[in-house]
Structures are given as C-alpha cells and as structure tokens.
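To start, I am sharing the structure in question, which I have written as structure tokens.
Chain nomenclature is as follows: A, B, C and D, assigned in order of appearance, with residue numbering initiated at 1 for each chain independently.
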C-alpha cells in the first residue's frame, strides 16, 4: 500500500496561471454544522441563486443558451463531419472520384458501395486516356457512423464531409441511402427563415418598453 | 487498506450508518416481500439496464442487475476490422468521454508496434484525456443530481459539458463519437483560437461546478441523501474490481496516472483525492475534486504544448500527408498499402490500462500478425462497478438505488460492449 | 521482485503449477499456469504478503481456433487470461491457462476475487467455457435461448438466431405467481407466437463436414513452414512497450 | 331572502372562485412552472405553439398556447386501464384527488364584503366574498385537506401496480404525518385570532400591531407561517417532499394513469399549489389587505371622495365604491397568491428530494416538535397578553 494517508491538503500547482479558481472540495468532507442541519443556510443560498438566475434571464435573457433549432442553426465548425459530398473536377466538371474503392475499404461500417466503370477522358494531350469512374456510388447514411475515415482514405480528394448538413433524414430507409447524384449535388440552400434574426421568436416576457428601461438583450 | 477504518476524520466507525438492518427471524407486522423491477426503460436507469429488486417496504433485501440490453458485439466486430477501423467502435464504449477510449486504444496498439509518438501529440493527448475526464464527471454529477430531484443542477452542468463538446467539435469535427486519435499520433492539429476556447471551457466549467457546489454540497437534503448510502469499504471494493473514483471514494488512492504514469502525467502537478467513508457523498466530492484537478492539468498542458509533428513520420504507421498522396507515386503507394493491408502489428498480445474517468480502462489486444486484431478485449470499469452494485445496495432503501446507481456512473456502452 | 522471483515463490508452494513464464515489465509479465493449479495459485497470489494481488483487473478468454499453427486435434482451444494487479507492490501480472476438449472447463476463481463473477458468466456465454465450483452461470449479456457462442472463431458472421417466444421476465425467485403482476399475467402470455418455427436458421458451425481435419492439416503445414514446435501460444509482443517517452 | 337566493348566491360565488381564480391560476401555474424552470435553467421554455391570427402571423403569446395544445393532447390520448385494475376505484381516484382541493377554495375569502344595492327596496345586501363563510372554517379546512389522501392512495392501489402501490403507501404515510404538524400550526392562528371563521381571521388582519407592524398572521406567528408552508408543501407532494411521485425512483402513484385522468392528477397538484398559496395568504399574510393601508380607514374614504363627486345617487355611489374596493381587494389577494406560487415553484426547482425515512424524521422529529413549541409559546403569550377573549 503506498501513501495511504488519506487526503493530503495540497493546493495543486503553485503557478497561479494554472491554478483552478475552485475551492478544495475534499475539505467539505466534514459533518454538517448545526445551522446546516437546520437546512437554513444552504436553502437560502440556493433560493437566492435560482432567483438571481431567474431574474437575470427574465429581464435580460442573460444566460439563455437555447437555440430555436429549425429557424436558427448554430454554425458548425470547419472540421465538422457532416453528410458527405462528392467533389467535381475543375477541368471537365465530372466527378473527381476514380472508383479506387479506398473509401469503401476504409469504412468501418461498410456503408459505401461503389461500382466502377471505365471512362474515356477528353483528349488533353495527344494520347487518349482511359480512366475509372464510379458507375454507382452509394452511401447508406443509415449505416454511416460519420467517422471520417473515408475522407482520410481518399487519394483524390473526391469525397468530403464538409456540407454542414447535420442530419440526413427520411421516412424510409431507401431515402437515406444516397446515390451518386444526391451526393454530387451542391447542398441545398438554407431555409429563408434562417436569414432572419429569430433568436427569441416573439418570446419577450416583458414588454419592450420595460426592457428598454432595464437594459438590452445581451 | 483496512487502515482506513480508524481514520480519526471518519464520521462513524463500522458498521456504517444507514437504515438499520431488519432483525433476523423477526417478521415485522404485515411482513411481505415485493419484487419490483427498475428498468430497462426507467428514468433513473440511464443506459439500459434492469435492476431486479426484492424489497420489504422500502428496504432492499436483494438486488440483481440484469444487463445486456446494449450488447452489440464490439469485440467480435473488431476482430473483423483493421486496427484503424476499430477506433470508431472504441468511441462507443464510454460514449460520454470518447477521447479517452480512442487515445487508450491507440496507445495500446502503438505499444505493440513499438513506436514513440511525437511530443506534440503526447501533450495534446494528455489535454484531451483530461477534457474527457471533465466531461464524464460533469455528466455523472449532473445525472446523479437530477435523479435526486435537483434538475437545475443537472442543466447547469450540462451547459459546461456542451462547451466541451463544442470544443471537441472544433477540434475533431464531432461532438460525442470523436474518432480523434490514430495509431501513431493525432490526426488533427490545433485550430486557431484553441487556447482561448479551452480557457473558455474551463471558465464555464469552473463557474458551473462552483454554482452547483454552492447549491448542493452543504445542503442538508442533498448531504443526507448521499452520506452513508452506497457504502463500500476499500477491501470489498478492491475485491469486487472497483477502480477509479469508486475505489478512491473508499479511501484507496489508486490512480494509474500516478501508479503507472503514461503520457505526460509524471511531469504534471496534481494530486489524487480520496474519500474517507466510501459512501456516495465521498464519491461525489472525489468527482468534484477531480474536475478541479483536471482543470488544473488542462491548464498546465495547454501552455506547454510543444511545436513539432503530430504523427509518427513512418509511412507504415501513419498515413502519409495528402500532398504526398496527390503528387507522388511513392506517397500513393504507401497510402494504399497502409489502407489495404492495415498495420503490421507483430504477433503476440498486450495489455495496457489507462485511468479513464470511471476507473481502469484496459485494452487487451491479441494480434496474429495480420492487418486485423485477433482479439480485442476492453476492460470496462463499469462492468465491475455494476457487478458490485448489489453489495452497495444491501440494506438500503429504494430511494438510495438512484443515488448509488448514479454514483457508479454505469455507461451501458462500455459495460456491455 | 521480478517475475523470476515471483515464479520461485509460486513453484515453492505449488510444484509444477507454472508451465512457462515470459517477462515483459512492467505491465505484461505473464505466467502460463497448469489449469489444475489455477485455484490454489490464485489463492496464493492474492494472499501471499509478498505478492498480494488484491485486484483482479480483468478476466477474458481467447479462442485459439484460428491462431496460426493451432491444431484442433491436439491443442487446447481456449486460453483464459487473468490480469492481476497488486496495489501494494504496484505491479501487474498476467496469468494464462488453457481449456479444451469437448467440454472446456476450468476452476472458478470467483471465490478468490469476487470481481471474477460477471466475467466468468460472460466467458461462459461467449465461449462456452464452463467454470467449476461456482454458482449459476446464467447468461450475462445474452438471453437463455441464445444458440451458440458468439465470440468463438467458428461462430458465423451472418445468420439469424431463432425467434424466441415472448415470455415474462425471469423471476428473481421461484414463485412466478407472486412475482407477476396482473398486468404481466395478462400481457405476457405467449399467445399466437407458437406457430413460429423457432428451429429455423440455427448458426451453422464452421467445423462441420470434415473441417477439423482440414484445419489440422493447415496447422501442421504452418508449423512446418515457420519451424514452430510445441504450442505457439500468444505471448507478449516482442519489443513492445512504451518507447522513448518524450 | 329565500333559501333559493342563498343557493344562487353561493353558486355564483363558487363559479366565480373556480373559474376566475382557481382554474386560471392553476392552468397558468402549469405554464409558469415550465417557463420559470426554464429561465432558472437558462432555457427558453415553451414557445413553439402558435396560431395564425388575422394580422399576426405565428402568434405565440409567450408560450401560453401550449396550455391549449397540451389539454387537447390530454383529451385526445387513449385512456388506458390496466387489465388487473379495479375499474370503479380506478375511475374514482382522479375525482377524489381533485374534489377536496376544490372544496378548499370554498372557505377562502378573496375579498371583504360586496354591497349589492337593491333599488326596489332601497337597501343594501351584503355579500360575503367567500363561497361559504363557515364559523368552523379552519376545522372544515383541515377536514377537507385530509380527504386528499384518498385520491392519492386509491390511484396507487386501484390499478394493481407495484410502483403505484409504493407511491400510494409513501403518500399515505407522508400526508398523515404532515397533517399533524399542519393542524398544530393552524391551531396557533386560531389561538391568536380567537376564531375559527376564516373570513373573520382575514378581517382581523387589517389593523396594526404596536403601531407600526401590520397585524398579519406572520407577525404573530412567524414560526407558524414557516411551518405551515413546509407542512403544506409536503401535503401537496411537491419537491422536496415529492416522494410519492419520485419520478426517478418509483414513477409515482399515478403511474398507470394516462390521458386526462393523469391530467386531472396534474391539475389537482397545481390547484393544491394555488390552494396552499391562498391559505398562506389568508392565514398569515393579511389576506386581501395592504400593509399599512387599511381598506376601511384609508382606501374606502378616499375612493368615496374620488367617486362621490361624479355620481348622482348615494346608493349608486356606495355601490360603485364597493365594487371597486372588491376588485382591488381581489387584485391584492391574487398578487399575494401569485407571489407564493412563485415561491413554491422556486423551491421546487432549487432543492433535491428527501428520502422516505428522512422525510418521516423531518416531519415527526423536527416539524411536529417545532409546531408544538410554537403552539405552547402562542398559548403562553395569548394568556399573558390577555387576548384569549
């Protein structure tokens, strides 16, 4: 048994930059005092805290974190792994995918299915080039676990997960099994409501005048 | 470890407080036993688990957890995936703190491969593991508070957790199932404003934890619900395979970060909180204190992340950079080779354990030298905690089930795999 | 104390218990035990003051059927792996022991470490290894009617388990009438489900139709090719470990 | 005046109390609980239900329309009865839970007196502004409150459900335990004011004590008011005393109820909150009185002066003044009730819940002795100050 001396009163690192502002919680491991046994201090403090929080939110909506989802969507990060899309070549607008099936191979949930075919590229140089391309490229989004390994595996930058679409939904499984055309389409434009500021849709609890007196939202 | 019992700071000597046991042989008036089942769909049974209880009035005579509702064959599945492909599955073990699972799994495979990860990735992993610990403890504390009826505390803590999830999303592109580590290092670099965002998360966490602490810790109702319930002494806890906050709550300071330092932990300054009584209140305090320690650890690492590469620069271990794949035949060959063949992990087996938020998370991996694991075994801390639940609930009341069950923080994903 | 010292202590008390040892400190030291000595050796490991492995960190099983060089005709098929941890001495130890034959079984260690209770139940349902000297081995994750042992290497990846009759939850004690509420009595009667053919689609064993002989031949060829003789059990990865920590 | 007149008068008042005070307050409370908890927890709360009005698209009305949506949902859902239930008791339980709470409102005065001018006889008829001004109002109150336990216990017992049964047992024990303490605190009030008629108690709180304190019950009985609040919260089975519900343990005594039967339980619970707030107001917080501002000495004379200049007949003058006074009193009363409802909700969203044995300990070992001490002290004080008469 090593160093079993119970809790040692160490305040952690001495460097002020890295010290947490929290108190030493293990110091609370003591019996309740008489006042605390009468429920009074904690209850009063608790009521004061909840009341303060209530008023701050009631009057100023200071801490509200709710987002009104369908109208108002938060920005997802640049690295967000959302629904896939297939990129296109700059030169001819065709799919960049060469049907090498690396993504199919990298996918842990086996949700990508590619059927390859040959295609003849337009004459860029004097030689005619023959290339592979996907005849069908299907991602079963119901199976997809959004791990991003397919994007890592692609040697052609042909598949990306940067559409920002956070959910692929449908009433039937077949609807969320996306084919080549669906995946290559540019993501649908945002709902028109998105452009309005709908953070608190007519949810003002106080009349506007009163709020102007008391302070502004955020 | 039995030395705990005569600690002068203990509030009671054995036997621990709690409802008095029923007198043996003496049948009280209207004596009848009732079997009730909590779960599998029950507000307190987060995750899906069923507790079969036999109660006499409100006192529990016997308890039997029935698990398996979330079993999905993780180990079998991983035997048919390449090593890298296992990482998303590992995510789903303890889905609350997925970074810890990812990193632990990758570290185990790296050990087998015998590679050293660059210093920058090591520092980053330390930070992410501590972030995972904070997230997990926030969830556990919040859920326990909610089950005691303090819904406000739950939502306040969830706000702090959301901040961390946003941070994880910024770092790796997903909130919960992060898939943020690879064999050979970290695939994602810091983003712009990384430090500020971590600081903001820490600030929010400390703010919310302090609020909940003020709201709950010294509140007698809360105190009485936790103090003296779910008591387990260190001997029994060790015998039952408890690790992590459960064991430390019982007074044994076993923390693999200290006992078996991995990553940067031997260079960082932190201490391991231990409880005195082994009850729910001690575990609550231990978790609170661990949040504080982890916050300090995150700060220590945050300002000392060295520059340098993030992945091992070995094309047999980590994927070559995309520019090399796009432009060089050598690069694309390595890329294809690693993806199709998988990692050439030498034949043999290996066990490595890290201190996950709930206790010892070990990975026992067997490789036959092919590109796929021969056997993957995760040592889930929750399994042992849940198996020991009946021991903790002996002689308690129905209302203590939720408090105790909350404090062991059962995560169905890792318990049932 | 290193692994050799530990081995000495064990061999002093239990002659012939340790069949093999492989050192890979600090976490992957291992001993191969003779299964007959498992229970007493575990007792010693736990209670001997110089060993004091009080924590059984994990217990799992490996099916060696597909392991390179495994010969089903001669070799024991299941390797049980115990991960022990001594808090007092801050060291780990891995025990390996083998079980095989038609009815693979080893002694239970649930009486030594209570932590072994659930993992033993899990191994029983997942691999079909029995544990002697303990109470019920009822399934932990799966259900009573589950066919086959899913973590065995010969369990098919594709297929479907037979449909099971809807039944009331298993009682905690043998008094279903008391246990069931009226609601359960009314609603969990298996009505109309008896027509379903629940013998259909049993998992087929890979080992049917002379596969055993084929596997044996393949194993012999492998052993000849790689020059392995005796049991090629999994051991600690050579050169594994936490390298050059920055 | 005929008996029929009294019956009609009582009926009108009952309808007024229920549909102007109790039901709207209780329904609003459902909304308020959701909204208030949301704001405490940094959420927005219900705000999605809307209707399209002619000129206002998506009229959301602060989320109040959720009340309509919820009640429609409650009425439309399948009303399910488990197979083993005892049908009669199962149907009766919600009614039994709701009825006693409604009866509580019968004795609560929401104003002083309304004078009705009868022009043909040229005289005033004084309407007492409570449905029934019983001489034994307090006794009636205690009797009625103790009836609520039947609905609760039957709700757990009738559907033959285990969690329901546990909830019912908890509820029964809890309500019986806290009734004792509540009765004792109410007895303190009874001693101070020397009457059991609640409208008399309400009227007695008009004056000042020691010249500067309003003669409210809380001034005479500060401990009593606190104990009453605690005991009454326990009676209503709200957090921190919501053991019978305990949604994370046993799901509650009403676990087997669905649709509007469950809605009735929920509604009864919120009605109880209103009732507790109203009782607290009437017994301890000066009913419809304003502090330091007496209706009889300040407001009514002022109003008479104000309105008297514009009216022709004195009868009509008095009639208008009386009406305005009654409305103002109702307003004051409602404001106080609203405040105490707010307070109860705040407590509900701050505290965790007790455990069953701790609840019993609290009730019998802390609350009841405290109430007894309070009663004894009151008795001594009343005797000493010679106020017994």
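Definition applied: contacts are C-beta pairs under 8 Å (C-beta built on N, C-alpha and C of every residue); 3 or more make two chains touch, one makes a residue touch a chain.
These numbers come from a predicted model, not from an experiment.
Q: So which chain ends up in the middle if you average the CA atoms?
A: Going by the distance between chain centres and the overall C-alpha centre, it is B.
Q: If you average the Cα atoms per chain, which one ends up farthest from subunit A?
A: D
Q: What whole-number Å value describes the gap between the mean CA coordinates of subunit A and subunit B?
A: So the centre of subunit A lies 22 Å away from the centre of subunit B.
Q: Averaged over CA atoms, how far is the centre of subunit B from the centre of subunit C? Could you give it in whole Å?
A: 25
Q: With centres defined as the mean C-alpha position, give me the subunit A-subunit D separation in Å.
A: Here the centre of subunit D sits 47 Å away from the centre of subunit A.
Q: Residues of subunit D that contact two or more other chains, please.
A: In subunit D, 40-43, 162, 349-351 touch at least two other chains.
Q: When you check subunit C against every other chain, which residues touch at least two of them?
A: 87, 90
Q: Provide the list of subunit B residues touching at least two other chains, using ranges where the numbers run on.
A: In subunit B, the residues touching two or more other chains are 1, 152, 159, 215, 219, 221-222, 252, 259.
Q: Which residues, counting only subunit B, touch subunit C once they are in their complex?
A: My answer: residues 1, 35, 37, 50, 52, 54, 62, 64, 67-68, 71, 73, 75-76, 80, 111-116, 118-119, 122, 238-241, 243, 252, 254, 259-260, 262, 345-353, 360, 362, 364, 366-369, 374-375, 377, 379, 383-384, 386-388, 416.
Q: List the residues on subunit C that touch subunit B in their complex, please.
A: Answer in residue numbers: 26-28, 54-58, 60, 62-63, 66-68, 81, 83, 85, 87, 90, 92, 94, 113-115, 117-119, 139-143, 150-151, 155, 157, 169, 171-173, 178-179, 234-246.
Q: Which subunit B residues qualify as touching subunit D in the complex?
A: Within the complex, subunit B contacts subunit D at residues 19, 34, 36, 38, 42-44, 57-58, 145-152, 155-156, 159, 215-216, 219, 221-222, 224-225, 397-402.
Q: Inside the complex, what are the residues of subunit D that reach subunit B?
A: 37, 40-43, 162-163, 166, 169-170, 239-240, 242-243, 246-251, 349-358
Q: For the complex, which residues does subunit D have touching subunit A?
A: It comes out as residues 35-36, 38-44, 47, 58, 60, 62-63, 346-347, 349-351.
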